[in-house]
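Pasting a structure below so you can have a look.
Labels run A, B, C and D following the written order; every chain starts at residue 1.
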Amino acid sequence: MAVDDLYRLLVDVPDRPGIVAAVSGFLAERGANILEFDSHSTERHGGTFHARVEFQEPVGGGGEQEIAQAFEQLVATPLAVRHWELWPLARRKRICVLVSREGHCLADLLARWHAGELDGDIGLVISNHEDLRGEVERFGVPFLHVPVEPGGKAQSEARILEAVAGRFDLLVLARYMQILSGDFLERAGAPVINIHHSFLPAFAGADPYARARERGVKIIGATAHYVTEELDAGPIIEQDVERVNDHATAEQMARLGRDIERTVLARAVEWHLQGRVVVDGTRTVVFT
Amino acid sequence: MAVDDLYRLLVDVPDRPGIVAAVSGFLAERGANILEFDSHSTERHGGTFHARVEFQEPVGGGGEQEIAQAFEQLVATPLAVRHWELWPLARRKRICVLVSREGHCLADLLARWHAGELDGDIGLVISNHEDLRGEVERFGVPFLHVPVEPGGKAQSEARILEAVAGRFDLLVLARYMQILSGDFLERAGAPVINIHHSFLPAFAGADPYARARERGVKIIGATAHYVTEELDAGPIIEQDVERVNDHATAEQMARLGRDIERTVLARAVEWHLQGRVVVDGTRTVVFT
Amino acid sequence: MAVDDLYRLLVDVPDRPGIVAAVSGFLAERGANILEFDSHSTERHGGTFHARVEFQEPVGGGGEQEIAQAFEQLVATPLAVRHWELWPLARRKRICVLVSREGHCLADLLARWHAGELDGDIGLVISNHEDLRGEVERFGVPFLHVPVEPGGKAQSEARILEAVAGRFDLLVLARYMQILSGDFLERAGAPVINIHHSFLPAFAGADPYARARERGVKIIGATAHYVTEELDAGPIIEQDVERVNDHATAEQMARLGRDIERTVLARAVEWHLQGRVVVDGTRTVVFT
Amino acid sequence: MAVDDLYRLLVDVPDRPGIVAAVSGFLAERGANILEFDSHSTERHGGTFHARVEFQEPVGGGGEQEIAQAFEQLVATPLAVRHWELWPLARRKRICVLVSREGHCLADLLARWHAGELDGDIGLVISNHEDLRGEVERFGVPFLHVPVEPGGKAQSEARILEAVAGRFDLLVLARYMQILSGDFLERAGAPVINIHHSFLPAFAGADPYARARERGVKIIGATAHYVTEELDAGPIIEQDVERVNDHATAEQMARLGRDIERTVLARAVEWHLQGRVVVDGTRTVVFT
């Protein structure tokens, strides 16, 4: 199947009778074939309706511009659609990864990308340390070192913004140990996904494994979430957990945790790239 | 929300452009509101399209008969729909449970039903032993003892058929240790769900826990599946697993297994009652 | 194997060379056979050594008193053992369950006990409501209704203490929705196990499922822990989790959660009854 | 703590009274300090007793030779110990990895080793293809290409034997797609661990993911096991599983499976290196 005529449509609209018919009717009219159709209503009545459609344009169908204009005119405006996005599957999303010293999540993303498993391209890695430069450059990916000096956070963020703004569709914090300001998030021009090394909301903040051990939990986890201004409180995309042995030291828990972190982050990134993650207030709905 | 005007529609049709539009357009035309819409295509092209829709008829809308006739005429016939089913949510499914001596799955189903958690009603329990009569009757459910004498299997099946045929929408084998004949399955007039105490296809057949221990597996499981003539080979509805301790005896594994069995069976039954399970050849797709 | 000559020995001693030899030598001297030997050192050096030994006295060996005296004299005193306990396996632990209105954990414990799966006996159920009386009495277990009037907590606790003090080896809060005072805990004369319906420390306090849904977690859990004066902060014995669907309502999460709660509580109670749970400060070590 | 005076002792002896006392008494006599003590009895009576002890020799204690001689004389011979092994923790185990074309398990092992997380050293990688040479050599590890020509299996095995025999403590098949002969296994001089990409015993043999999808399982898994002459039937060391989406293709299942495979293999290798895996007939007991 030529990927050139495949599109993904995300629609976010106040719920009411006739929405599925309007969206699918629009596609049927133009001879497009629905390959996947997922939807979620936040409430049985009066909530928001989220839909995700993958469809194939017929031979000789219009291009992205034409579909978008038609959809705006025939569906979005009449139905007062709150937000919608049309994405040609052939267009790969551009990813920038930020990392500090621990490289396991970064290495995992690079390996998946290299194996052709990622629906996007890692175009830049930024770090506040030099440690992982070699690991990155051997994949042919540019590595930008932006140190964070004491008191120099605003300056560092400005340098990062300069490098990323308008150039990327997604920023991934793959164990980047700096807190980004609300101002940065606003100006980044792309959503930011972070991996937190605990089963949020448990152990938000620093040193989750040490605190988990002290608290005596029997299971540890990791959480991938969109970054918002409030630390570790953004909408959760994915979580996973693993049982931990009572004899484990905090270091052994951290080691076990790293395996969970990289898997959880990879899933969240992949789902995001495939347009499967819908933010619904403080939550997400993932169409897997 | 009055449940009286709620319906569920299951549709099973060769995939082609326009199906979602036809089904949702049919509902929009009559002013019905889609509450849930799930679909699955078995292939990207040329497979089968399965849809599950929960919708609400408008005030003054037609009843079950009228909707069904209209759907047949306006959608099913023109689109050559292979199979479809309309079910009013107000109509509760009728369940018959078959059990032998181990009562943990039966007790769990009865307790869920009693707690109002089951979208159906347990109307009869049949057993080849008397052991669980008290457990059943205290819930006000009739208990029918149908012993299976050596060489008397056909006779027993005939008695069971007499008691169930045409009266139930679902038969549940909640640790019923008799193998049902293909003839029985054909004439039962309702799907049959079984719980098998292993992670199928591993350890099909008898004594799965003892064999699991001997084989040294680190994880045990249970499988709920539709019963077909071939033993333990019907489409799987749900499975779950639990890590097992290396020190566990076969009896301890069985004990741990019972917790998995009852949960897996309850999920499968519940999903079936809610019309969430679509059989697709040797597999099922569950719209959770 | 006659259970009459089986014993369990728990030892808790500052770590140093020779402890295993002293304990096992003591048993070897008297011809006892070690059936299980588990140990845990809290640190590689200078921590606490916890051991759990199941052994069989030889034919004609001493009784409980004699063994205890000999152990005190030959091991505990010379080694400055901090805490030790000898328990004849033939002596079943006596359990009192406290419950409010939700009966799923209670029903599960009663069913396990009835099935002979519990190494102890449920001798009394106390509730601040009458709802579950029938459920309890049909197992032949006494049911005591101790309502809690506004402002009457101290009085209620006094009535409970009167009923339990000195008569039970374990109190189990199987969804008992009253907070017990520190004074009560001190005078209860037995450890108290509680089931909390969240993955602690996340969602401590009230309404965990509603808050979990609002927070958008992807996995829910339950936690069984010893009760201390600080609410939901006692040493965790067991936790388990289950993945939750993004479409689930808070009520559906609660329903799913109940399955986890009863299993987690049952495991914690069973492990406690078998002397497998060692409290190590704010944590526990479970010898499974 | 200097690692130079740390040892691990594995003991495998017919069960009888006095064994723990004999082993721990031997260590106490020489002033050694037990850091970890784990044991397992295969039966309550008359089975085999397996123990794993980590201990620290006192300052000025004997070396490996002296301890071994003393143990042989004072414990192993008198108690008819069936098998025992003394291992200085300072001596790192030497690992040879065999791989075909899929590099995810190999990459994971190399990364863990590089991060200092492996209690052993990867000294050689052998492959029947050239694909992964670069990946291996960048870690400074020698890569040996041993192609397998049609009809040339014996010759290939001979070349591998030449490269490994006597030089390694462990062979790891990290997705090595050749079946090793019984003769090879006998002459390899070291245990061989394989990762199988299914939850054994389900889907032994080829193409497990495609077969799992066809069978409609809801959970997939991976299994690390010691290799024996009978294909996929050796003692299981570790297994893990992951729930799989009903919409997943066989390729997506394989992708998800790779994450499980590398984690399961890494755990099995690590536990083996730490002497935590005891083979008990067709099973293993892992002292975690």
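Here, contacts are C-beta pairs under 8 Å (C-beta built on N, C-alpha and C of every residue); 3 or more make two chains touch, one makes a residue touch a chain.
Everything numeric in this text was worked out from a predicted model, so none of it was measured.
Counting C-beta pairs in contact across B-C and across C-D shows that the higher total falls to C-D.
In whole angstrom, the spacing between the mean C-alpha positions of chain A and chain C is 42. Note: centroid distance chain C to chain D, computed from Cα atoms, is 36 Å. Contact of a single residue of chain A with at least two other chains is seen at positions 247. Taken pairwise by the contact criterion, the protein chains are fully connected, each one touching every other.
Chain D makes touch with chain C in their complex at residues 1, 16-22, 24-25, 27-29, 31-39, 41, 44-45, 58, 243. Residues 104, 107, 111, 115, 117, 138, 245, 247, 255, 259, 263, 266, 288 of chain A are the ones that touch chain D when the two sit in their complex. Put simply, chain C touches chain A in their complex at residues 40, 199-203, 213-219, 221, 235-236, 238-241, 246-247, 282-286.
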